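Think of it as A, B, C, D and E in the order they're written, each chain with its own count starting at 1.
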Amino acid sequence: MSLLSIFGGKRLQRGVHVPEFKEQTSQLPIRRMPFPPTMIIPLSQHAGAPAVAIVREGQEVVRGEPIAKSNGFVSVPMHAPATGRIERIALAPSARGELAPAIYLTPWPSASQEILYGAPQDIEHMTPEEIVKAVQETGVVGLGGAAFPTHVKMKVPEGKKVDIVMVNGCECEPYLTTDHRVMVEQPDEVLHGARIAMKAIGASKIIVGVEDNKPDAIENLRKAAAAYPYIAVESVPAQYPQGAEKMLIHVLLGREVPSGGLPSDVGVAVFNVATLAQIGDLLPRHQGLIERVVTFAGPALKKPGNYLAALGTPLRFALEQAGCTDEAAGVILGGPMMGPAISSLDMPLTKGVTGVLVLTRKDLESRNGDILPCIRCGACVDVCPLHLNPSRMGMLARKERYEEMETDFHLMDCFECGCCSYVCPSHIPLVQHFRIAKQMNRERKARERAKSNA
Amino acid sequence: MSAPSLTPEIVLRTSPHLHSKRSVGVIMRNVVYAMLPVCAYAVYNFGISVLALLVVSTLSCVLTEHMFCRAAGRPSSIKDSSVIITGILLGLTLPPGFPLWMTAVGGFVAVGLGKMLFGGLGFNVFNPALVGRAFLQAAFPTAITTYTPAQATGRFLEFIPTSLTLPFMQPPVITDWVAKVRIDAFSGATPLTALKFDKVTTEIMPLFWGNVAGSAGETSVILILLGGVYLVARNFMDWRITASMLLSAMAMSGAFYLSNPTAFPNPLFMLFSGGLMLGAVFMATDMVASPVTPLGVWIYGAVMGVMTILIRLLGGLPEGVMYAILLANAVSPAIDNLTQPRVYGTKKKAEAKA
Amino acid sequence: MNTTAPRADMPPSSALIKLMGVVSLICGLLIVTTHQQTLAPIRHNQEIILSETVAELLPGAKKQVSYGVDASGNLSIVEGAEFAGPRLFAGYDAYGGLIGVVIEGGERGYADVIRAMFAYSPQKKAIVGFKVTELKETPGLGDKISSDKKFLSNFKDLDASLEHPIVTVKSGTKKNRWEVDAISGATISSRAVGRLLQKSTKEMIPVIQRNLQRIERGN
Amino acid sequence: MNEVSLGFIFIDSLLINNFVLSVFLGICPFIGVSNKLSTAWRMGVSVIFVIVVSSVLAYGTNSLLIAMHAEYLRIITYIVIIASTVQLVEMFIKKTSPALFRALGIYLPLITTNCAVLGVALFQTARNYSFAQSVVFALGSSMGFTLALVIMSIIRERLELSDIPNLAKGTALVLMIAGTLSLAFMGFAGMGG
Amino acid sequence: MGHDHGATVSPSENMEAFLNGLWKQNPVFVQVLGTCPTMAITNSARNAVAMGLATLFVLVFSNMLISMVRRLVQKQVRIATYILIIATFVTMVDYIIKAVSIDVYKALGPFIALIVVNCIILGRAEAFAGKNPVWQSILDGFGMGIGFFIALFCLGSVREILGAGTLFGFSLFGSNFQPWVLFLLPSGGFFTLASWLLVFAWWKERGKAKEAQA
């Protein structure tokens, strides 16, 4: 714990200062990435039930045309990212490593790629229910990485009152600059999306939280927000993991989301800036989500930048476009703190991919070091944004006392931000321990349920 | 422009993929660096005997750890430097002329009993150096309370006679030798024994600079503080424990002083004398034996500060830092359990019940 | 110990009581026999230790008389080993002349209470001998008060005229006859001895002075 | 006859001459029941209860024995008193608080052979403590027992997470820790006087 | 009630009852029973021997008496009877020691009386004497008692040699030897017993390793 942290103020009290590495891409405007020869559109790019394909193999589709429909309320449809031909519907690799059903699409090289789908909608006269339905039809999900269907957040659960729409522009992960560029280049779309969300939810106030390491974004947003007295753009000191919604709510409002609860429990709905920008852009035209901004960064890239990439672009193709060098040793989807490393480049970019990080062997080895026993320095306890005790949980995990971790030490509250692993001087893979523990507990509970049912 | 060939050993690692540069080895080495000025001053103040003392204590600790690892068939763990800290600390807490063979015994006990029996680094319940010292204090009560004057003549050329006692033999009586080598104004009595038994309070400035009698490394307040400031500045030390211990010691002795200024010494003297500084900066902050919770470290420090003063002023011993820290070590797991931080989004116990 | 009410599966309580009675009888017999047999040797042992201590503190004493002191300071002759209250032991030479009086005292030392006996000479108004009878001080350090020759030489002739209270002073700084020179390194235990002497002399010497004639006569 | 102050008796029996760490009484339960905090705590509370009650009873009995000149029955009567106290306490708790009985039930019979209980009775007799002194002594020493037990149990719970060498596992390490605790408690020497 | 065969017991079984307590089931080093007196009074070899003998006496005689009355004892009053018998012999030993030497009596203090609650004795009464014939019970008492005696002596001699440089009061290393006072203190008791347990654990481990090799 640093001496400075005694002084309060509106900031994250815990967490860590990680090196930002953002300068590589933060000033590069968004560029369009060319279409790949083949696109792979997984049917499950979001949290919830996978979408159901509504196209046949061999069918020709137009850019923006729905190709899969949502399967239930917590599910969203998919739209064709390019005009072309459905090659087949088959299994494709995913970020988790397992194979999942996907639609393979070959874009017509000669097509105009104009979006012909959609028609203007009059949002001002729509009821909240209609807006929620329209948002679902766009297929927009949380673009900050969680990929949770956005319209579900806009539907306030019965008996709860949400008064504040919070716009999350923190982007605290190192390397990533997607949200930054979106805020700089599309502030009006962001705020429009926020106002739509406010209407759907029935809230009365919008707070935009941006970390102070993006002054240009704050400036542009403040300019855009000047016309709306109910929108406040707040600058917060940069600290990881401020972008986690529970953290941001606490920093900006001092409200604590109860353990196991949702932001709506404290009257808040949080949306990522990129998500809102897409809603603000797509909803008035009633179109579907077919592309997104992805940061390509890392020392092993010659042409890093923020690319507007069609969803379904295979990673191998995208990396070639970004100038991947031979030094590349590891590819991470998302930020280095929470993003998973992937083992195959044959998987596509999906709605939840905020960035692609290509690291050299040297970068990855900086994490190397013998794993020593916990010396109880307490650094992890000091940085854990949730005030958990990773030190003790790590020791319990070593002895496989997973159940105790959950019952006595709130294991399930951990959202794996990685702060504890980052600071651990003994190089204990704490987050990995916790993931395993959660998995073991889930399996144990499933076994118990099966037993009691039998 | 070729696609990268991903090496499985690396890609299969999970997040986070970044790591801070702070590692156990770095922390431990820096603690050693922070203690070096204190060691140097100890040698300057008391002569080559202290040099030999520090070398013997460090070597015996390192060898013991190495031996235990060998016996257990594990790779030797001396690389992480933590055992060097134990060795130096043990040396710094002993009287300058402490027989070297006893020092070696202390090193063996410190690491063997205090650390390796518990499973090595990270698992010891008590501060190993203090376990060693407490053992020595109980085993050889006379030798460990035999202090020699600071700044003695010829201290760089001649050993203190007790240092070179043959193994298992009693150290010789050195009253005559002390009379011969001592310079005026430097007595063999430590400030705290002078206080306890003769009701004499030493002045503050000599305590601050350190040219008084005492255990080898405890005399110079300024150098110990500088070492602490270095460690705090580089975030290798928990300043809260030190602060809490010193503040509570100050408050406690202040209360005594105010209640009866003639019977009790002033708080500044209590703070600067004896091993309080050394203990508060380098021993109380031993990470392994201290609590990890933010509230816990404050309580832990307070326990040590209060106990130190109680033992010094009310107990039978002139100095209480060692016992205070050992007692706090013993209750540290309890403090840890009682001060588990309230997890974000959960209610306090009292509220939850209500 | 508790005989519960008989149930169907239990033997009648009369059987239980009978058994306990038999066992108690055997046990009682054993204990009483032992007690009777050992009574004399125990008394004898205790007397021997007491009289040996008194003889050691008052060299040349051929005859000893034990007095018990009651709350108002009056004396009565008692069996030394039996009496529980404060005691005085007078020692006489072969001709019946009083050599000195041994006083008992106790004081909290470093670890636990230190008990000691010391000889007081009414003629010299001084302490002339000292022996620790019970101590749990740190071995090798505090327990030197019972063995350190230099320390014990303090009590060859220590002023107990009560004009100055007996005090312990720092090792090597004894200047007056009523001061006890402490053992260096065992200051706390040495001080306890000083306090012990101070307290006991203050209490007992007036009693001795008042009853001196009776003590000299030995009745 | 004993003039030691009550405050000193308390501190002395609680810390300086702690029953477990310095007088070696109640070591068996100290080793046996200290592996979990919850059990240690319950055992400790039961012991405090039993020791205080049996100390009071023993004081009365001793006066009676002295009056009857039957000191030679002391050991037998004391052990009988303790055994019946335990039984009485057990019945009393069972009647008044079934919940407490469920928590303490299995520990109570164990206390009969806890030498700390008989130890308190014997020490207070040997030291000629008055009634008040006896009660304070019983409180201090039983609380000292509980203190040591609880500290040890928390340490042992933590040791479960450690990589203790096979050789040292179990009683040996517990004794080593107790020895170190005993060293640490030496710091209290000379206090309270 | 156990395996009570009456009078016919083979000599080898007798031997086993005796040796069992001595080594395989050593009350202190193997079963870790009776630890209080083991540490409390072993700061000198003399005290250890006295305590060992006292316990041996109580063990043998209480085992004998309990075995004699074992057929008469109903289970409701079993423990009460045992305690009564044990307390009797303890009282006897208490007086005997006092008669023999006041010094030893003072040194052992209340720990003589505390033999009553030494778990070894009640344990043997329960586990052996209450189920076996008199002769075997006596042998068992001897075995356990001597096992306990050996343990006490192991501790007492080590502590006295290191703590004072003497054995039974005789100086071993001359006057210049530096005694390790710690071993006479309570913590020394803990450390010495713990060290013996470590030695025994190591011994066992080595035996196992050798067996595994063979």
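Please note the rule applied: a contact is a pair of C-beta atoms (placed from the backbone, for glycine too) under 8 Å apart; a residue touches a chain by one contact, two chains touch by 3 or more.
The structure presented is a predicted model; accordingly, all values stated were derived computationally and were not measured.
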| item | value |
| --- | --- |
| Labels of chains that are neighbours to chain D and to chain E | B, C |
| Pair with more cross-chain C-beta pairs in contact, given B-E and C-E | C-E |
| Most remote chain, CA-based centroid, reference being chain D | A |
| Chain of greatest Cα-centre distance to chain B | A |
| Core chain by centroid distance, with centroids computed from Cα atoms only | B |
| Centre distance in Å when chain B and chain C are each reduced to the mean of their C-alpha atoms | 44 |
| Centre-to-centre distance between chain B and chain A (centres being mean Cα positions), rounded to whole Å | 48 |
| Inter-chain centre distance, chain C versus chain D - centres from mean C-alpha coordinates, in Å | 29 |
| Centre-of-Cα separation between chain D and chain A, whole angstrom | 60 |
| Junction residues of chain C, two or more chains touched | 1, 27, 31, 34-35, 110, 138, 140-141, 188 |
| For chain D, residues contacting two or more additional chains | 72-73, 76, 80, 83, 163, 168, 173, 176, 180, 183, 186, 189-190 |
| Multi-chain contact residues (two or more partners), chain A | 373, 392 |
| Which pairs of chains touch, using the document's own definition | A-B, A-D, B-C, B-D, B-E, C-D, C-E, D-E |
| Chain E partner contacts - residues on chain C that touch it in the complex | 1, 3-4, 10-11, 15-16, 19-20, 22-24, 26-27, 30-31, 34-35, 37-38, 41-42, 45-46, 49, 134, 138-141 |
| Chain D residues touching chain C - in the complex, by the definition given at the top | 1, 4, 8, 16-17, 72-73, 76, 80, 83-84, 87, 128, 189-190, 193 |
| Chain C partner contacts - residues on chain B that touch it in the complex | 141-142, 145-146, 196-198, 316 |
| Touching residues on chain C, where the partner in the complex is chain B | 110, 138, 140-141, 170, 185, 187-188 |
| Of chain D, residues touching chain A in the complex | 160-161, 163 |
